[in-house]
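This report refers to the structure that appears directly beneath it.
Chains: A, B, C and D, in written order; residue numbering restarts at 1 for each.
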Amino acid sequence: MSEVFEWSRPVEFYETDLAGIVHFSVFYRWMEAAEHAFLRERGVELHGGGLGWPRVGASADFKKPVKFGDVVRVKVWVEELRTRSVRYGFEILVEGDEGVRATGEMTSVCVDLESMSAVEIPEGIRGKLGK
Amino acid sequence: MSEVFEWSRPVEFYETDLAGIVHFSVFYRWMEAAEHAFLRERGVELHGGGLGWPRVGASADFKKPVKFGDVVRVKVWVEELRTRSVRYGFEILVEGDEGVRATGEMTSVCVDLESMSAVEIPEGIRGKLGK
Amino acid sequence: MSEVFEWSRPVEFYETDLAGIVHFSVFYRWMEAAEHAFLRERGVELHGGGLGWPRVGASADFKKPVKFGDVVRVKVWVEELRTRSVRYGFEILVEGDEGVRATGEMTSVCVDLESMSAVEIPEGIRGKLGK
Amino acid sequence: MSEVFEWSRPVEFYETDLAGIVHFSVFYRWMEAAEHAFLRERGVELHGGGLGWPRVGASADFKKPVKFGDVVRVKVWVEELRTRSVRYGFEILVEGDEGVRATGEMTSVCVDLESMSAVEIPEGIRGKLGK
């Protein structure tokens, strides 16, 4: 497991639904936003160098709602680094409260954007992800 | 003004916000969905033949909310057909109620997808839009 | 396992991303739309009678992309009916192609909207879901 | 015209479309996010004290695309303060480039959330908006 990276921003109004809470589909968008911020911080170019990172799987468990007015925090780390894919772990919290609101996992595959087929993660990127 | 085309579908839960109504940004998505259905019906290929239709402007006036449980109806017509652009008019209603919930306008420019610069609307498409 | 219900609609332009395919978060919205259409067809009121159905978990595996121009089809069925929750199974396909694009699961809990705590699924709803 | 407030954040992947640029509907969400950050900074509670601020109109002109990798900046100011409504002006830019990508306007009405009817903007809020 790599070091944990944290991404954070205020919940937006358009992310809520009529139940008065953040819609569950938004949690997957936050997970991706955190993944991308993590990759940028590690110096891994997204959709550059002819490579892309489509997801092959994503899951989340929702424990407690997140609401408008909250500042959401997403913790992300590399759970497992495989030859052609990387599996991330996630925890979603809100500022000022230690209780976990949701947990998640997401597996992204390294693909050649030309052929859209899975390729081995280049050594340079591998090193950046593995810390 | 062209003949009016109508597009319709049930409001989805993820389109609502915590005020209990459809979020205003969703109306622009419906307007685009109606525009695209209109173009498909007229036989105008979207993002085909090297041409695209980005918007240069869009506006809407919101008169009465639309809610979950409603079936939204969008009326769309060509308000003005110019050399390089087309301006659409919209009315948003819900099934079973004649009151207009919102009105809108949207201007799409015909662009060469390679150069992303505006080009004259080809004669063949022009004829399909002008009816 | 209940009978399979099917929901379908054209993919919208705003559901795509710069990789040229439907964004993975949209699949969860389609799963919810299919769930809601299924419940409506069974005569189960959504967010009525003081009950709501928030998700406690959702997962999906993405096998092949869905694109603009496709008509998406979502098959949904009750995988497991528990005392307080229902677990749905999903298959996402596109019209004219028998290959499964994604599979998913989603677990919704029956809650009292006042207290937001899980309650037993009322017998009347139970019967409608169990067929 | 009030002082200009600025809101900023990285463009997210899920905000792009298959044309490779940010979808036009997202600009309205950014405008709202900037409006809300502006109101928070002025100490105006959103959807608190029984008041809400639904939009009655919103328009935007799109001059140049915004892309993934950009950090979007939204400038917002009170263009006109009326008895029951406030009209905001917007400019959308990206970091490191002085060119305006889009301009917009949005009118929000002060409503009693109970009756959903327009009410006079309370004097306390009026003072906070008028600076």
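Basically, a contact is a pair of C-beta atoms (placed from the backbone, for glycine too) under 8 Å apart; a residue touches a chain by one contact, two chains touch by 3 or more.
Please read these numbers as outputs of a predicted model, since none were measured by experiment.
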{"item": "Where subunit A and subunit B overlap in contact partners, by chain label", "value": "C, D"}
{"item": "Relative to subunit B, chain with the most remote C-alpha centre", "value": "A"}
{"item": "Where subunit B and subunit C are represented by their mean Cα positions, the distance between them in whole Å", "value": "27"}
{"item": "Mean-CA-position distance for subunit D and subunit B (Å)", "value": "23"}
{"item": "Separation of mean Cα positions, subunit D and subunit C [Å, integer]", "value": "33"}
{"item": "Shared-contact residues (touching 2 or more other chains) in subunit A", "value": "13-14, 18, 21, 25, 29, 32, 47, 68"}
{"item": "Chain contact topology (line, ring, star, complete or other)", "value": "complete"}
{"item": "Footprint of subunit A on subunit C - complex, ascending", "value": "18-19, 21, 24-26, 28-29, 32, 47, 52, 54-63, 65, 113, 116"}
{"item": "Partner subunit A, residues of subunit B touching it in the complex", "value": "13-14, 16-18, 20-21, 23, 25, 68"}
{"item": "Of all residues in subunit A, those that touch subunit D in their complex", "value": "9-10, 12-14, 29, 32-33, 36-37, 46-47, 68"}
